[in-house]
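Letters A, B and C mark the chains as written, and numbering starts fresh at 1 in each.
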Amino acid sequence: MSGDTRITGDIQVRALTKTFRTTTRRPGALGTLRSLVNPLWVTKTAVEDVTFSVAPGELLALLGPNGAGKSTTIKMLTGILVPTAGEVSVAGVVPYRERERNARNIGAVFGQRTQLWWDLPARESFAILRDIYGVPDAEHKARLREFDDLLELSSFWDTRVRHLSLGQRVRCDLAAALLHDPPVVFLDEPTIGMDVVVKEQVRGFLKHQVEERGRTVLLTTHDMTEVSRLAERVVLINDGRLVMDGTLEEIKRKFGDTWLVRATLADPEAAVSALPGIAVLQREGPRVVFGPEGSHAPTVHQALKQVIERYEVSDIALEEADLEDVMRAAYQGAALEASDVLEESAVRGGAGS
Amino acid sequence: MTAVPGVWRTARITPLGELLTPPRMTGVAVQLVIQTVLVVALWRGLYADTGPTTAGLSREQAVTYAVLAVLATRLRELDRYAGRDTVMQHMHFGTIVYWFLRPVSPRRYYALRALGDQLYGLAWAAAGYAVCLAVGVVQPPHSAGAAGAFALSLLLGQWVLYYIMLLIDQLCFWTLRNSAAMLILIFAQNLLSGVYAPLWYFPDWFVTLSAFLPFQATLNVPLSVYVGRIPLADAGPQLALQAGWVVLLAVVTRLVWHRAALRVVSQGG
Amino acid sequence: MDHRSAPWNAVRVAWRITKLNFRAQLEYRAEFLLMIAIGAIWQVSVIVFATVLLTRFSGMGGWDSADVLLIAAMRMMAHGLFVLFLGRMHALAYRVQEGVIDAFLLRPMPVHRQVQLSFFPTNAIGDLTVAVALFIGALVRSSQEWTAGRIAFLIAGVLGGMLVEAALFTAMGSASLRYPAAQYWSRWLEELLGTFGSYPLNVLPKALSWLLTFGLPLAFVAYFPAGVLTGHGSALGVPMWLAAASPLIGLGLYLLSRLLWSWSLKHYTGVNG
């Protein structure tokens, strides 16, 4: 039947901008009372001039620190929010202009917020959604079977939602979001708070949905293992602005080409100076930390060689940034120069261990 | 309109939740019995010290009115709160976004849920009515004509009530919370529709005031028609007034849905 | 910290949290103003209802209108004080479901006090405003001679009524630690107290008024103390000494309910989050 049909839909975002107008409280008790009658309005830009696209059958990770504008972007793509400026098209539909038509093309899971009915068994929620989306019965059954195989839902889908554990509930929510076979799926931190086993199961499920079923997935997460496991491409936003759009490798190259060489000198009094492309980041007695400097810095192995050749060392270790470090550098230093980023992460590295 | 089977499945969310929680149903039954017994005793007690008729209502009419009012509260007092499906909770938990992510409009979803809730409540009220009729605390309707007018008037009354409750829920889109407004509504509904005491006992100024409000259309009109305090001949204008409220409130709530959706799309819910 | 400053410290913390809670209520502007209005309007409705009954039905159970007004005033005052100081048990079942008790159990403060300090009862402002007005009205209209002893009993009666209501809702709260369905009973109980707590219970048949005395101690809230004060002592359906002991019974019931609360908390099994 529909087992091996591939469904296609893409996402196009151009110059997307969203500003909010909200009330704020005046300071002090008197101010609070005054705000009761005459609220103070402020304008805040949540998303500014963001442009990117997701090809059909691609999984894109939308990354950024908390409050960067990820959720606002997703809300505009799902048709909940109307952009202040810019253009959006999801599977050929402008979401906020044709909300209901867009709704049939998309599925969405917003982290810990469940769309299931609290008082009913999860399976009843599936049935209600089947009717709301008008999915034919046979198709619904087949899809439930498929989801059950991947997510092991049947062991708990007759339990009322209020009694489900978080992992069980989110798995049900994932199933609920995909029951109507949407070509485009939005997942806002879907695995937050889950244990490793469930996370792995969910990742397997998502991989299957992208690779076998050809769904287009836009994912936000803070879990870097998830990103490296699932995402071919990454879009990074910070302060509402797009910082970077590229593959994971490109991000690593841009923000993660950081390395540190930690050396303990045989002579604690020895004079230490910078080498070409290598800076001294920290010195405490015999312990010296070297890092790359400028755009023509050597690779970590060349640097290691140079340090050993130049100084007499009793101990030496090298560190390469893992993905978490890369992202930290990217979040903190998106606007800064590469050397500033390095200094920052080196200081943190030194203080941490 | 294509998804006809969807109607009953969305509508039965509350009843199903109740059926799956037997203690709630036991609670409802026990409370209903106690409340009815107390109300019957109170009005019989009050009439025992006074004449056979007060404010144009005989003892039997008063008791019938009061018991039907208790039963009618079942029609609306459903706990969607326990099922975390009130607008206020959806705003609180941020799950209101899902209402706007489905191919069924929030307006239609809300209406279907309410339909199911009120039909479920009607089952309770009807069962209670049958028992009360058998025991003899409630008189049968005056005539077949009165029964018909009552049924129509009750339908219109519930319709008005639905819109009033909807308006209060819609308030959440602006204030986030509506528990205070909901309390005011329940109060106004109880007082101005005749749940506490038949409106006929109230001073003239009060009756005049309530004539300008929609609440008396929800319950006082149908119950007065039932007990014969509003004669069948005079029922016409009252029914027309109820219908007028339905139309007016339908227009208003529709407008508010529109504004609410605009608000969600500009603020994000 | 020495033993004298510990309770003082607790009071200070409670006061500071209450101030913050009050500020928090101001955040939702419409809700705040409506909440005060609701307290007031709700109580006005009780007055309107009482007036209606009194004008339409002469002599409710042999009580004249001034005496019935005293019942209503005492009950409303007791209720307002209850909402202000010991309320907040109403929606506890929902809070329990949200896992709030689990969080409270982690903090170094009695859980009951944390529940009491969880939000500011804005509606109590409206409740008490109307209650005070009605109370003054009832005292002005009453033909009683207000000696020091009577005034003392009046105050004790109001406090006792507050404690009876607090005991009932503390028991409800204890139940809701375990049974979410307890919520259904809380709301019904509040309505029952509001409607049947303010009138002479001898309007009802013996069996029912007995039930509302010993089954559900509603008679002790205001009916008995007001009956003692207005000289209906012999017609209350219970021995005079029992009616006169209402304030003590309120205290006893409240202490019992707190024991029940502690016991329930000890057997609290948590919620599935």
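Observations on the model:
In this text, a contact is a pair of C-beta atoms (placed from the backbone, for glycine too) under 8 Å apart; a residue touches a chain by one contact, two chains touch by 3 or more.
Worth saying up front: this structure is predicted, and the values here are computed from it rather than measured.
Centroid distances from chain C, each centroid being the mean of CA atoms, peak for A. Remark: among chain pairs A-C and A-B, A-B carries the greater number of C-beta contacts. Closest to the middle of the protein, by Cα centroid, lies chain B.
Averaging C-alpha coordinates per chain places the centre of chain B 28 Å away from that of chain C. Taking each chain's centre as the mean of its C-alpha atoms, chain A lies 51 Å from chain C. With centres set at the average Cα position, the gap from chain A to chain B is 47 Å.
Multi-chain contact residues of chain B (touching two or more other chains) are listed as 21, 82.
The set of chain C residues touching two or more other chains comprises 29. In the complex of the two chains, the chain C residues touching chain A come out as 23, 26-27, 29, 32-33, 97, 272-273.
Across the complex, chain B is touched by residues 28-31, 34-35, 37-38, 41-42, 45, 48-49, 52-53, 55-62, 94, 122-123, 179-181, 183-185, 188, 192, 195-196, 203-205, 208 of chain C.
If you check the complex, the residues on chain A that touch chain B are 20, 22, 72, 75, 78-82, 96, 99-101, 103-104, 106, 108, 110, 113-115, 117-121, 124, 127-129, 131-134, 160. The part of chain B that touches chain A in the complex is made up of residues 2-3, 5-6, 9-10, 13, 16-17, 20-21, 82-85, 93-95, 97-98, 100-105, 109, 264-269. Residue ranges of chain A in contact with chain C, taken from their complex: 25, 29, 32-33, 35-36, 39, 162-166.
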